[in-house]
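Okay, so subunit A shows up in both of these, paired with subunit B first and subunit C after.
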Partner chain A sequence: MSRSILRTVAIPLVAVVLGLLIGAVLILSQNASPSTAYTALVVGGLGDADAVLRTLQKATPLIFGGLAVAFAFKAGMFNIGGQGQLLIGAVFAAGVGFGIDGLPMVVHLPLALLAGAVAGAIWGGLAGTLKATTGAHEVIVTIMLNFVAGNLTDWLSANPWKDNSGNNIVARTPLVEDSATIPTLGAVPVGFLLAVAAAATCWLVLERTTYGFEVRSVGHNRNAAQYSGIRVGWIMASTMAVAGMLAALGGAVESLGVDGRFEAGVNVGLGFEGITIALLARANPLGVIPAALLVGLMEAGASRMQFKAGVAPELIDVIQALILFFVAAPIIIRWLLRMRHDTSEQLQLGAGWGKS
Partner chain B sequence: MSETLLAAQNVTKQFPGVLANDDVSIRLRPGRILALLGENGAGKSTLVNILFGMYRPDSGQVVIKDETVDLHGPDDAISRGIGMVHQHFQLVPPMRVVENIVLGDEPTKRGLVDLDEARNRVVELSRRYGLEIDPDALVEDLPVGMQQRVEILKALYRNADVLILDEPTGVLTPQEADHLLGVLRELTETGLGIVFITHKLREVLAIADDIVVLRNGRVVGETTPSQTSESGLAEMMVGRSVMLQVEKSISDPGDVVLKIDELEVNDDRGQIALDGLSFEVRAGEILGVAGVEGNGQRELVEAITGLRNPSVGVMQIDGEELTSGSPRQITKKGVAHIPEDREKHGVVAVYTVAENSVLNRYHRRPFSIRGILRRDVILGHAQDVVDEFDVRTPSVSVPASSLSGGNKQKLIVGREFSDEIKLLVAAQPTRGIDIGAIEFIHRRILEQRDKGTAVLLVSAELDEILGLSDRIAVLYDGKIMDVIDARDADREKIGLLMAGITD
Partner chain C sequence: MGEVMKPQQRQLLYAGLAVMLVIIWLFYSANGPQTTAVLAGTVRAATLLALGAMCGMIGERSGVVNIGIEGQFLLSAFAAFTIASMTGSLFMGTLAGIGMGLMMGWMLAAMAVGLKVDQIIAGTVLNIAALGLTSFFYDRSRSLGMGKYTNIDLGPLADIPLVGTVFFSRPPLTYLTMALLFVVHIALFRSVWGMRTRAIGEHPGAADTVGIDVLRLRYLNVTLAGGLAGLGGSYLALEAVGTFSRAMSGGRGFLALAVMIFGRRTPFGAYAAALFFGFTTALQNQFQLNNTFDIPPQFVGMLPFVVTIIVVALSGLVGSMRDPAALGQNYEKG
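== the complex of A and B ==
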């Protein structure tokens, strides 16, 4: 058992090391010191309570986004709609957060989170339902829904829900009420705890429940799932709804815990990072937590690295891309480690084109 | 003329974890038919793939026409006069026969394909060998037997001196198979040599000059038809004596369990696959459905098990109308289904043996309660299935993909038989599995019948149908040609019906 865990972890771990090594070469080529740069990166992400808070805050939406991709993977679907689902969750959570006042926190905060989650579930479920009923490929549909979500949230925050205080001209909502703001326990934001709980719940549902058994059956062998009496269409639709809900919770936590409002353009790109996280975690819901922490740490420490070592913060994007490259092309690492090829470890990206 | 047309000398080939060929030597002489006999996984395919240049041996040599050769790929083998007809045809369905035959070796005139020249050669070849065919027919319009003819002509067009045929009779009616054997015999008269891979003992005895039996990657016997018999060959293949025919008592049919009335079902392309089918299966009897594959068998099984909705007609199971019932409703009614394609429908390859053992009952007590899986119960159940159905596996926690075909099949049968069942739908229940497992599964199916289960057995193996059935329905072109009592059935009679011929 421990051997197989080791084998599972080996590839992402070596990918990270290789990414950092090549990153070091790039730092050298800028006439900077890799050791100074990497030290600054770690101090910037873990050095003090503020740094840890930053890392955990950065990691929170990444966990939710990673889960949104990983959960859909389990049913054999590729959810590229994390970005749109996150925006929808962020704007509706903010809407309930600023739009209602006078409620106690124990009611208001869960209500705001729930509003974001339900909106995201509808958004994701839309793609799953279209797939189940018409065969429309979820990759295409979720990409298109990303654009729809982007424009819808822009419009909401610029028109009916616009912040009209002072002479604000930015497309953003008013600040959410205190009763809808996610608190922080010391250096630990409560949103991060929610994300960890969501990851654990995903794992339990997938591994221990009949619903999870159905999801995995559909993902591994759709024909056998149908043979065994599983309603494949329902599983595809509901799995995408769960995925949409997870991504949307990431957006809700951003609005209620980090930004304090929804502002158009602030969360751009955040939803796509879920794909990186899910790949790095090899679609394991528990693996999403360390993967998100790693990426969160790099993002939290990037500005200190720039300040201390004079390295452009874009280097972090390059290192992330390299890690992703090595994870997606594990044959290089297998060769380095002289590992035997084992197809059971291979991650299947969706059901492929043309098959429905 | 050369003395050895094609030979493997001390060939060894190792795959990860399997010694596929272990010091194997065979020799084919001109004008002779060499039958290669062995169970699945015995190493037949590896050996012919080495002879055809698809694999390179780890040690040992390939000899073609008395010359040791180092084959770098199938092209190499083809240019040296080796032709191969694969079990799954390598044809382009929307193209014409002549185009398929010349594909890859097209005659040209001023840089353009010269189809007239090609057509002349094809017509001449087909006349010479008694392989008549319309060179301008589209391959997709041809019946399977004709498509096979195209494959053989493809090899002859390239001047093959050796033909390797991988399970060539699996898709044919008995009469078509007999005709093919006749053609092969004629071909050898021109000095051509043939390697014939099969698991049908009867055919081996009918056609082969030399017989080589493989087991676990080694040659375990070399013989000739005059020196052996069906049971002798079976014993060589398995390594112990086997019962080729299970004994069965006379059936005692009870009430009607499955009743099908004027059922019409479409195939994937929306064409009518079953055209107004009506029949009944009673408790305690086995109704065998014989027929060449592709005459509606798949659609029939899928319609009964709820995987496909009939467009017209009525289906009743145990008195309840379930014409468009879902697979789950039908399973709940006491219907067990051994699917035709175990990899596609029967197991989830990456799931463990335990997970597969509850594939269609995970949602019921005791395997889960209120949506939570009970792992201990599932593991215990899997162990029971493994023990009772002799599934050879190191544990119930290994993935099903690590099991051999026969053991996967026993796992499926065990899963399906672990409940009280009223109706068993068994589609190709012993396809591609070893003789020992076949014997075992046949016995279990008969046991179910004797317990009062109604059994619908669909099989392309006529011997299986004849050996197990109490009544036999012959399916041709989506219609039942006739239903005959098994006691009055013989190969000849059923073979004619399978070809759509009634008197």
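== the complex of A and C ==
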């Protein structure tokens, strides 16, 4: 392993260890045993084929969500709209999934995924276009769009697309057709493979294409990019559309592969975890995969941890925040490891705030 | 910064105000009780937003973005509720909320100013941590035995029709917030502290050369501003709702940021924007209560957010927005 890779991996790794250590103190404060809790966590996430399947299922929307944030980062934008984009993707994929029948799977499933992706691209692209044309800050616009998406998807699943079977009173769509259901290969959900493919594609696009170069140029220095003839507005709008599409695919996979339908309130909060994942991966599309697997593992094992050790599953959120803190403040870890200072490690977003 | 408006903006503002007053008067003469209820709800919803916006503006005036207001609200509301329920005193609860807000402000400062963490990430850490911690330690069995803060009538002022009920028959923290608008306004625009604060947000390098300790003042301001968000948390748990529930801040910390931007980072501007948002929220509640119009509640619920997007986009077009020049940039002494 080359020295630079070691350096890149060291900080997230130590951050995870520190997060787990502080988590252990919290577990002790609840009069529970950290070793029992963490053992249950790992067994719950890796113990058998079912556990692995759960971990991979949990990791899938996290990969998509992490990519949605990371991709926008590359153009110097902060996409907090993952939640809304995910909901939009989930509801439209489910809509096509249950609304059409009689299609063969090779047509129906891609069509449902496409519906989610396109809806998400529009949703994300809206924020990017507003930013490019009016200077409206994407952080505010995407946050607002999250609320709009929440209301819109609630309405869709409670009114026109409501499941009217039996005496259902829950705001949810009917189950999607079999021909639109994402299959599982043993312990590996196909949705997870799609997520990995998406990560690889993002990396290729960003690192090996002209478009990716333009995206990164805009991220590094918007004015210089403009001066060198890159259409900054188009890059910002399209980057947000891609980001929206990625988050929406995560939602679509949830609807078509995990839940089998869209149900209001089920995916709440999932879209925000992409931020943690992207930061943990230092905005590297390939790094998103291990980061999502780690968090997915913790989430898959959380219920077993509660069952075996009596620790509230929300501990996972606290540990995530701690990990994020240590990743974002590498100065602490560098001091622990006696590493030399390297400014290239520091993620910088805030300077773009409010500037159009 | 003098916060001078362009003449056409001022005219637009006055025209808008006049139209609003006429509409309110029309509604009041048509249906008094309901108009009063909506406007009282407006003030209720505006208080939290105004506190969050003031927290945000002190940070941003000093050059530090605070997107952790949501988390500050939530954890402070939790602290306020827990302490109030343990001690049986709303006052102690309020102090605990403010204390927690100060602590979270200090944490944000420690990250963003001390450790030079990216400011947006630092705020995100606060938000995620607050959600996790409050859910982890949430104790369902707790409640406020003594109930929440109750309205205090301000003597004869409270007897004025409409205005009396809406502004002068409120619970204590609402009055405190209104008073704080004046305090923060004077402090920001009429005091040495305010001048220095604005200086380190505009040009920290220049402020440094005239002897202002940029990092120290940023530390202080972000911490103090956290106290305002902490008061907001106390308000939420002890005055507006009277209990604590998971994720109860419900995005209003983010909305406060939008309010701050509409209000051009001034306390009174923010309060006007907060009243506007509060109005859409109150209208939504009223719609849901009496079903006079056949609009799905979800669409009414979207209203404040759609309006925010439109206004943010429009104000971008009008070009009235100007951020403190050093906003979001961590200062490195050269």
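The rule is simple: the second predicted complex is superposed on the first by the 352 of 356 C-alpha atoms of A that agree within 3 Å, B and C clash if a C-alpha of one lies under 4 Å from a C-alpha of the other, contacts with A are read in each partner's own complex, and residues count from 1 in each chain.
Everything that follows uses one rule, which is that a residue touches a chain if its C-beta (ideal position, glycine included) is under 8 Å from a C-beta of that chain, and two chains touch if they have at least 3 such contacts.
Keep in mind that what you see is a predicted model, and the values were worked out from it rather than measured.
**Student:** Just subunit B (first), just subunit C (second), both, or neither: which does A:Asn221 touch?
**Tutor:** The first partner, subunit B, only.
**Student:** I'd like to know which partner A:Asn159 touches here: subunit B for first, subunit C for second, both or neither.
**Tutor:** Touch status of A:Asn159: second partner only.
**Student:** Looking at A:Ile275, would you say it contacts subunit B, subunit C, both, or neither? Reply first, second, both or neither.
**Tutor:** Second partner only.
**Student:** Give one of first, second, both or neither to describe whether A:Ala321 is in contact with subunit B, with subunit C, with both, or with none.
**Tutor:** second
**Student:** Name the contact category of A:Val148: first (subunit B only), second (subunit C only), both, or neither.
**Tutor:** Touch status of A:Val148: second partner only.
**Student:** Counting residues of subunit A in contact, which comes out ahead: subunit B or subunit C?
**Tutor:** Greater contact footprint in residues on subunit A: C.
**Student:** Of the partners subunit B and subunit C, which touch A:Ile331 in the superposed model: first, second, both, neither?
**Tutor:** After superposition on chain A, A:Ile331 lies in contact with subunit C alone.
**Student:** Which partner does A:Asn31 contact after superposing on A: first (subunit B), second (subunit C), both, neither?
**Tutor:** A:Asn31: touches no partner chain.
**Student:** Both subunit B and subunit C touch subunit A; at which residues?
**Tutor:** none
**Student:** What residues of subunit B sit close enough to touch subunit A in their complex?
**Tutor:** Against subunit A, subunit B makes touches at 16, 305, 307, 326-328, 331, 337, 339, 344-351, 355, 359-360, 362-363, 368, 371-373, 375, 399, 401.
**Student:** Under the definition above, what is the set of subunit A residues touching subunit B in their complex?
**Tutor:** Per the touch definition, subunit A meets subunit B at residues 208-213, 216-217, 220-221, 223-229, 231, 340, 344.
**Student:** Can you list the subunit A residues touching subunit C in their complex?
**Tutor:** Answer in residue numbers: 26, 78, 130, 134-137, 139-141, 143-148, 151-152, 154-155, 158-159, 269, 272, 275-276, 279, 312, 314-322, 324-325, 328-329, 331-332, 346-356.
**Student:** Note which residues of subunit C are touching subunit A in the complex, please.
**Tutor:** Interface residues on subunit C, with respect to subunit A: 65, 67, 111-112, 115-122, 124-125, 128-129, 131-133, 135-136, 251, 254, 257-258, 261, 296, 298-299, 301-302, 304-306, 308-309, 312-314, 316-317, 321, 323, 327-330.
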